[in-house]
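Look at the two complexes coming up: chain A is in both, with chain B in one and chain C in the other.
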Partner chain A sequence: MTTLPPGLKPAVLPSPLQNLIVEKLEQSADSVHLSDLHALALQVEHNLRYQHSWTDLHIHTHSPISNQLLPRPLVSGLPPQRLYIHPDEQIELLKNADRKRKASKQAQDTLDVEVAPEPEWVLPTRLNEKWTLRRLSDVFNAISIVPPTADENGTPNPWRTTKRVLLATTDSDSTITYYIVHDGVVKPRQN
Partner chain B sequence: MGSVTEPFPISRIAGRYLLFDIDVISYARRTHNTCGVLIGTLPNLSQQNVFLGIPLELMPEEARVLIERGHAYIVDDEETHRKGFLQMSREDRLAYLQYMDELGLEASMESKRKLEERAAKALKGKDLSSSLKQKHAGPAPSEATSNGDEESLFDSSEPGVQPKASQSNLIPHFITPATSYPPLSHPPVDRGLPLPEVPRSYPLFRYMHSKGYFSTPGLRFGCHYTIYPGDPLRFHSHFLATGLDWDEEFDLLDVIGGGRLGTGVKKSYLLGGEDPTADAVTEQSDNGASVEVRPVRTFSIEWAGM
Partner chain C sequence: MASTAHQPSNSPVQSSDVADAGAKGVPKDNGKPNVPREKRPNYAQIHSRPLPIDVYPLPAFIPHNPLSIVRVAIALISQTLWPPISPLVIHEAYFSSQTLSIHVTDPQSVRALWEQGFWGKGSLSRSEPRWLDMEKRKRGLKAMQTSEEYTAQRRRERRQFKLERARLEREAIEEQRRAEARLAEASSLDATGNDAEPTTSDGVVQTEALISKVDAASMSEPEFVPADDDVTKETEEDLVAESSVEDGPFEIQNQEHLQLTMEEAFFLSYALGALKVERQGIHQSSSQLLRLFCASSTFSTLQSPQTLEEVLPRTPIFGNPIAPDNPFLLKYVVFHHFRSLGWVVRANIKFAVDFLLYNRGPAFSHAEFAVMVLPSYSHPYWSETTERREECKKKESRDWWWLHRVNRVQGLAHKSLMLVYVEVPPPWDKGGQSQDGKLDVGDILKRYKVREFVLGRWTPNRHRG
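Showing the complex of A and B:
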């Protein structure tokens, strides 16, 4: 940043997000990816942490399977609620909840479906990028089904059998949209 | 339903792949999850026809899958007809015309018989209704004139008025055969004809077809195929599919648009293409035909709802 005479503010102040990203970029030891890709990951991580209340967020530069360099830094984190329920799992959950409700024998009980949140992979992208199937499959080849987490004691969800990634697309106005991308043919949710 | 022997012929006419035989159409749908699109209509009144009939037009992809798997073969129908009918002998032609006349007479007698049956039924009904009428035999004249149509309907079905069916005054119906393979012999399998030309999305189509999915054209949803987990008459579709080359660039905006549209109508947006880096594998179909295909990689996209 250019130095200004003392007592003068710059005409346009950089946004707090920009400051944060610049600061983090200087701190980070990730010199393996281009800095714009790393800045993108930081931006998405910031959005997930503060707008969507995600926790346990990490930025990954190397594949957890092969330990090779990822095509670009990926984010992993834990959403506040379960992000994706496979339709078959949903049927099972509803059956269980119904059984529980009948067991409690209180007619006014509502159907309570209990699902624990699961950690997710997030793929940060920019809207003006072009993608190909090859690049997408390179990303999927490098990741595990569930991102590595600190506590390994949790039981894995038996319904989670295909790799999935949350595609985070940022526009130049810093809007971020999230889409779930599954590896392979996965039937849609019935919402 | 008549029996269908494999491979069955697919008529190629003016670059389109058509099926004319209703048995073959239902067979292809039932056993080879191939829907096609019915395109037959009244020639002069195509606008006034809601339900289309035979022929069934197949997408080039559908035709190609059927041919590659050895279930069908292409027939150059124009050539077959020109040859077949020009070389037909006079006796054969007359015999066939006679046969058609017989069929027409049969159809005509059948419709006559049905008419008589209906008349008999109406007469039974009339016995009952006439007895009812006698009970309320008061305000007859004015009502009778206002219901003139009804009266004449009853009159015509009175006993004795209906002439008995006799074969002499019957006019045979004109039969329009849907296929021309009774007069002509079945065309031989010609391996020399080229396979149908298919768009780049073909590998994805082939892959989904091999997994037992049904596909219909995807124009309605702005994609290549709308893919159903079973017969489209029984299931809602699951996927809006777009087939791409392995290195074909796409905009993320298209992915977002497709994903959002798909989720809005309870479907997934499916991207897929053939992976040229993977080794080709040989797929064996149940009739012994084998095809070498490269594996196809697909990605299903849904809105995350956040």
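Showing the complex of A and C:
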């Protein structure tokens, strides 16, 4: 509602998402990216924060490695649960959990596998876009394995060795679908 | 049950049968249900109106009651003189050019549009806008379970099951390895191999036992529900124990809005007249909406460095006529076709199709059909020149892999795949014929034809007999 003539109140109240986008776009009027791509990133960030309860959300415009401009703004954040467990890590975790269960001598206990959530990269896209391997690899080249976070003291996960992003695809009915995309071939996950 | 026994019963059997009938839950003629029913919203009542319009039926004509003719006549005359208004309420929405979508924010309109025909989707829910309920529950303000939470619970159980299964499989593999190691050891120690025999069989038996354990575990897997179909008959969702605690001292700001797809918004405003869509505070007419939606359906950030707002003002007048195979038009024609036939049509990217068709709506049953919209260029205009023929062939052709991929997904989700071909007419928008770019929407829609084609995978085992 930026271009609304003064004195004319919109008959329909804008949605919280719309308010957020308009407000943020005004703040970054001289944004390095197209305002449209920036709006898309804001939309995905809003969805992650409120529908999926993510925390520590940030929008990145520059690569954390080279400090160059990213192909488009990316979102990073911390999901409430771990999104991806490497198959070898799962074996390790299961062994530990089983040992713990046997130690407690109660066979009825459920297998408690505790995995701490990890921060993830999110790539916002639209359904009518065409993505190629080249464009995806441009994104992968510009990002680090783990997104930069405020607290650097956390021990890095030794199993996380390949880059991955969460491909967020928005549809016009407000559905956003999320797919994990790895940089290259990874060991298949046990389903 | 005492009241039934006291009733003057015609047959002596009835009183003795009372306990039995009560156990079966057969409602007796006194109308009292014997079994305490689960409390769940009456969907038939909530969604009693299939469309957000008001209808005024004529009184019934009863042939043996001549007075009923008078009532019909009065209704006819009064409705001719004072035509009833329909729809009584016109909902309002606005087009957000930043997100290329249509938002409805008024809570009453959101409820009404959802209840009367399942329009739109809550931007932070899977279908019905229930984010606020969920948020209240999260903060302990409301005791109720939404379908999202039920799904989360089901997913947790499934994950636990998979972890147990993975552990058992892992143990089986390790056991096998140990057995093989023992075998190798034995054969290296004993060249004759006489003693190796019992060890091996023992090892094999052990692993088999483990594997059968795994099988038994997988038998008990909770019935896998193919996919998160939108809110359907997840009854648990609605065992709503609404101990209505008053909304706490702090109020949660609702972050959710109802988002309509462009097809839904156009049908509501053009076909039903139940919606007003505005852009930048200005109400849009049908032809303006058509131009707007056609432009935004082809708009892609990758092709042009401008935003949609910069592109739009030029599209109606200068050189950018609407292509007859514009993606919005093709999808709208199909949407209009099925909505007019009474189906509830909902967009669905999660099943990798354009639309899902529900019989009455997602609250009543799962979707029966998954619709894929395809253009078809059989009009002679499209085969006049070789370039045209080649271009159309490129747009029309899909390979077998595409078909198998699409059909496979629908097979897993228990939906029948429907390919809907839209006959594309020759170009009708010459661009800037009239000054204001006005379009006769009805005339445009008449040019399109729709062909349906239902596809099923035939498996010999299932389709025998």
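Simple rule for what comes next: the second predicted complex is superposed on the first by the 176 of 191 C-alpha atoms of A that agree within 3 Å, B and C clash if a C-alpha of one lies under 4 Å from a C-alpha of the other, contacts with A are read in each partner's own complex, and residues count from 1 in each chain.
In this text, a contact is a pair of C-beta atoms (placed from the backbone, for glycine too) under 8 Å apart; a residue touches a chain by one contact, two chains touch by 3 or more.
This is a predicted model, so every value here is computed, not measured.
Regarding the shared-chain residue A:I21, is it in contact with chain B (first), chain C (second), both, or neither?
Only chain C; A:I21 stays clear of chain B.
I want to verify the contact counts: of chain B and chain C, which reaches more residues of chain A?
Comparing chain B with chain C, the partner touching more chain A residues is C.
Check the residue A:D138 against both partner chains and state whether it touches chain B (first), chain C (second), both, or neither.
In the superposition, A:D138 touches no partner, neither chain B nor chain C.
Contacts for A:L127 in the overlay, against chain B (first) and chain C (second): which applies, first, second, both or neither?
A:L127: touches chain B and chain C.
Based on the superposed arrangement, let me know which partner A:K187 touches: chain B (first), chain C (second), both, or neither?
first
Just chain B (first), just chain C (second), both, or neither: which does A:Y178 touch?
Once the two structures are laid over each other on A, A:Y178 reaches chain B alone.
Touch check for A:D88: first (chain B), second (chain C), both, or neither?
In the superposition, A:D88 contacts neither chain B nor chain C.
Look at A:L167 in the shared chain and tell me whether it touches chain B only, chain C only, both, or neither; answer first, second, both or neither.
first
Using the superposition on chain A as set up above, list the residues of chain A that contact both chain B and chain C.
126-127, 129-130, 169, 177, 190-191
Considering only the defined contacts, which chain A positions touch chain C in the complex?
By the definition above, chain A touches chain C via 1, 3-5, 8-18, 21-22, 25, 34-37, 39-40, 43, 46-47, 50-51, 90-91, 94-95, 97-98, 110-111, 113, 126-130, 169-175, 177, 190-191.
List the residues on chain A that touch chain B in their complex, please.
Residue positions touching the partner: 52, 79, 83-84, 125-127, 129-134, 136-137, 140, 166-167, 169, 177-191.
In the complex formed with chain A, which residues of chain C make contact?
It is residues 92-94, 96, 98-101, 103-106, 120-125, 131, 160, 162-164, 166-167, 169-170, 253-257, 259-262, 278, 280-281, 297, 300-302, 305, 307-309, 327, 346-350 of chain C that touch chain A.
Using the touch definition from the top, list the residues of chain B that touch chain A in their complex.
Going by the criterion above, the answer is residues 208, 211, 229, 238-239, 244-253, 255-256, 259, 262-263, 266-268, 270-273, 275, 297-306.
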